[in-house]
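Structure below; questions to follow.
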Amino acid sequence: MADENVIQALEDKIAELRRLVERDGVDLREELALLEQRLQALRREHYRGLSDWDRVRLARHPGRPRGLELVIRVCEDFYELRGDRMGGDDPALRGGLARLGERPVMVLFHHRGSSKEEQRACRAGMALPSGYRKAARLMRLADRLRLPLVTFIDTPGAYPGVEAEERNIAGAIAECIATMLSLSVPTVAVILGEGGSGGAIALAVADRVLMLENATYTVISPEGAAAILWKDATAAPQAAQALALSAPRLLELGVVDEVIPEPLGGAHVDPEATAQVVRASLIKHLAELQALPVDRRRHLRYSRYRNAGSRGTKAKAG
Amino acid sequence: MADENVIQALEDKIAELRRLVERDGVDLREELALLEQRLQALRREHYRGLSDWDRVRLARHPGRPRGLELVIRVCEDFYELRGDRMGGDDPALRGGLARLGERPVMVLFHHRGSSKEEQRACRAGMALPSGYRKAARLMRLADRLRLPLVTFIDTPGAYPGVEAEERNIAGAIAECIATMLSLSVPTVAVILGEGGSGGAIALAVADRVLMLENATYTVISPEGAAAILWKDATAAPQAAQALALSAPRLLELGVVDEVIPEPLGGAHVDPEATAQVVRASLIKHLAELQALPVDRRRHLRYSRYRNAGSRGTKAKAG
Amino acid sequence: MPIRRDDRDRYVEVELRRGEEPLWLRCGSCGELVFRRKLQENSYICPRCGAYFFLTAEERIAALVDEGSFEDLTLPLESDDPLSFSDRKPYADRLKEARGSTGLSDAVVVGRGRIEGRKVILAVMDFRFIGGSMGIVAGEQLAFAMERAVEERVPFLFVVASGGARVQEGVLSLLQMAKTVAARERLAEAGVPYIAVLTYPSTGGVMASLASLADVTLAEQGALIGFAGPRVIQQTTGEKPPPGFQRARYALEHGLVDGVVPREGLRQELARLLRVLEGVPSG
Amino acid sequence: MPIRRDDRDRYVEVELRRGEEPLWLRCGSCGELVFRRKLQENSYICPRCGAYFFLTAEERIAALVDEGSFEDLTLPLESDDPLSFSDRKPYADRLKEARGSTGLSDAVVVGRGRIEGRKVILAVMDFRFIGGSMGIVAGEQLAFAMERAVEERVPFLFVVASGGARVQEGVLSLLQMAKTVAARERLAEAGVPYIAVLTYPSTGGVMASLASLADVTLAEQGALIGFAGPRVIQQTTGEKPPPGFQRARYALEHGLVDGVVPREGLRQELARLLRVLEGVPSG
């Protein structure tokens, strides 16, 4: 199988050649075109055989489109709303008003930040109770103003800290789940990168759950599962496979409704194209949901979660 | 007019004589009966001429029945519920389930504490944001369980502290007012002692507002008004008069619905009797409210507060 | 975005009664004499030191809405002095004075206007009128404004400048907190957006009721936002408030507001917000 | 009431598999050998050192409900191993083992019973069953229990003993958080009281969903209450949790529970609570 390192090396070479062309005016058009073709072929080959662990790594790729940068590409006129109104504003879970396909919506998203300083403030996208309380506030606001809710999920999980525990991170997540389930407006969740356990599901109990092709959604990180169940840190790739955290597996299981394709090589290869596909998918699903009567939409949502996974049970033997 | 100090001195003397009777077996029945009669007469005389400032002092009397001790006398089976579910539990604003006249109710009350240590923890009954957030939580719980809400108000005001401001004491009070106004269940507020500004009204926007005869309810403390408007700390008695903070004045103004009489000399003279009158009044009002259809009750509440004080305006001259 | 620490709040209180010298104003911060016209063009920000001048309701409205779009809807009401209140001076006289010097009937002006073409119902407080305090008339104007917003299905904009409740109307003032919150519940039920702009000062009873319940809450740079003032805090509790306490950026850091906006950008900021809310309320 | 600092939590984990020696148990805290019968009479509290022993669901139920009043309503369901999960050992084998050693079909037992005469629908977790983890079957049992409570208009009592979600069922376990919260919404709409009792441990996904949404939340003395465990916190953030962290009294001080109850008083405490709630739900 085509090795990721080979692809990376070829990408680097092509970039160097381009710089040469630009700087020195050497005409390498033909050579470059051939190399590009070869790269695409390698990517295709590699991509077909992606393991779940490969996807975990793609979902965590530093260049992956996510957070504010992605939201701004997907929506227009993003207007950020801040604060939990109780003492805090968490930069790791953000939200606000925006327009999407000519209509106003409320968006919520995990944010990891670009600059070093911002990344530190965002704790790798692990949100605090104040983040989830802000999210619940904005969910209620969406309902009040009859705005569809769109969430973008990308977090390793909620922040495991002493103060987070003292301020009831568990209760804040539970409140988000309860609030999101109770909304009258249409809701769509998009799992962009990592969908890590409680911190992810707090924003994911939507009418429609969409998932990028190489995103992950899991009850525990593969590393965590490896440590606990395999008692072996190096078993993370096996754990990733076993946990059924990939978009295709979750589509099969009925957990997600649609897998949004990524550009060949992963979303980071072309963030703008990725955003446009996400955007188109969101607009389609929102239109479908908007066409349903409120009661019907709420009933479908209730049934979906009330019966989640029920197929995975069987009558007791004997 | 009969002086408060004279009454106090006579009360002390009578108490001493009683101890003498108990300890030494001296028979002073006749003398005591006469003295008691004299005391009652003095009280009656003093009481008839109570100024608003006298009432302010009665409302603040250290022996005045209030807080947990009063709630336990008024209701049965008080079951305390604690915590704001966000990091704090304020002992200065307490609440829980109780039974009142054979039915379950939710009660909320300011608490000042009896022991020195408790009093310190309760900050003289000035509640924190966490107290008001607990109150809003219990109001919502009352609505969910269809329990009438009874509040007992006795606070100089919300706590003016740095952390209280950082955690949005203003917003917490606003949330209480909004929540209490939105309830479907019957609500009755009793102003027991001091009803101090925002910290009091947070619990006072009820279907019925009752007030003990010597309680006060005011937009600002008389001392505060004296300092700001009179620029003279000694003007507090005049300010008390001007602010219309007494029960009879507020009944006249339509702010309260009923003045609950206190034992001669003030509620502290007989806490148990006071509690029984409060109890009877609450049961009566709750029964009346319960008899109304929900929509009607909510409409009446809305009109009451929407039109509060509107009589105090006039068409613009010219 | 992480909060920029260098973006310090600046604010200064200036002489409120400016009617006496119509042509120029003195900056209370740097002492500069500035022509009123020049100041107006500069959003009432001192061109020398950057200090913000207090705005009257009229000036605030002129700074926010499209020229010629404002229509005054303020109800023709005055306080009837329901407690016959008197301190060192009768409340009736204070009212008369305030009316005379401001030309207003009370502390709140209500109207209809457009911000870059988008309709709003506004209620704007005037701090000159007995400290922007909320009494019965102000409460009535605010409730009325919200009812108009519901009726016309147009966003409601509340510009706050208030030290709290009108002491001279006693508990009746306190009850305006309930009145405005009750009216706000109807606004919320109707799905009509409510935007609050908090300025210097936004404290006391107004903050502990209507002003804390907006759908979107902006703080003007330099705003003072809180319940109890720093002096009361220090006197009652002995705590020494930290630097920047209760100022706009402090409020933002503590999750109390959605954003902080410099005065000269406020109009565009509101236009941006109204644009994203276009079509709300729906139906 | 101010919190008494001297009232320290005490708790100890003991050997879970006690089936092997039916007559006596060794206290993991002080090493004492205690006759099972004696321990049972003492609410499974070590008579020598006061340590709490783990309770099975059966023992917990026996300790709470009136003798002879319990009726098992647990649905006859088992996990179908929907992911065909296998780590060092197939999940199917783990399930078989857990069923064998506990006699349960999964980690939640549902039933109807009376506490001092008052009816409740109970759901009780058994920590022995794969750490009381919530998978599809547990989620199903909990949702079913709440639906029964709505149907019968009887308070719902949830006794929590769970380390979190059932890892071996992947995201399907995570979704049980949504399932139980959805069922709880119906319970709340019906006005049926929901009482949670948190024991050692009440953490992870169960805590971040159903267990945090009770109308009344009691912590058994010694309970561990939180989302992330101390080890995860220390590994991820480097923070060192303070003494008493996540224990019952700590949770009370931080406003997370309504009360802390010693194990021997739990039954009376619930009776007291149910008495004050008599007549709820109404109608």
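For the reader, a short list of remarks on this structure follows.
Going in written order, the chains are labelled A, B, C and D, and every chain counts its residues from 1.
Basically, a residue touches a chain if its C-beta (ideal position, glycine included) is under 8 Å from a C-beta of that chain, and two chains touch if they have at least 3 such contacts.
Computed from a predicted model, the values in this text were never measured in an experiment.
Under the touch definition stated at the top, chain B and chain D share these contacting partners: A. Ranked by how far their CA centres sit from the centre of chain B, the chains are topped by A. Counting C-beta pairs in contact across A-C and across B-C gives the higher total for B-C.
With each centre defined as the average position of its C-alpha atoms, the distance from chain A to chain C rounds to 41 Å. With each centre defined as the average position of its C-alpha atoms, the distance from chain A to chain B rounds to 53 Å. Rounded to whole angstrom, the centroid-to-centroid distance between chain B and chain C, based on C-alpha atoms, equals 33 Å. Residue positions of chain A touching 2 or more other chains: 85-87, 166-168, 171. Contact of a single residue of chain C with at least two other chains is seen at positions 212, 254-256. Listed by chain label, the pairs that touch are A-B, A-C, A-D, B-C, B-D.
Touching chain C in their complex are the following residues of chain A: 77-89, 91, 97-99, 103-104, 117-118, 121, 130, 134, 141, 144-147. Residues 158-162, 164-171, 173-175, 177-178, 181-182, 197-198, 200-202, 205, 217-220, 225, 228-231, 235, 238-239, 242-245, 250, 253, 255, 302, 305-317 of chain B are the ones touching chain C in the complex. Touching chain A in their complex are the following residues of chain B: 85-87, 129, 133, 166-168, 171-172. Those residues of chain C lying in contact with chain B across their complex are 76-83, 85-88, 105, 136-137, 139-140, 143, 165-179, 181-185, 203-205, 207-213, 226-228, 232-233, 236-237, 239, 241-242, 245-246, 254-256.
Within the complex formed with chain B, the chain D residues making contact are 1-2, 188, 191, 193, 212, 215-216, 252-259, 272-273, 275-283.
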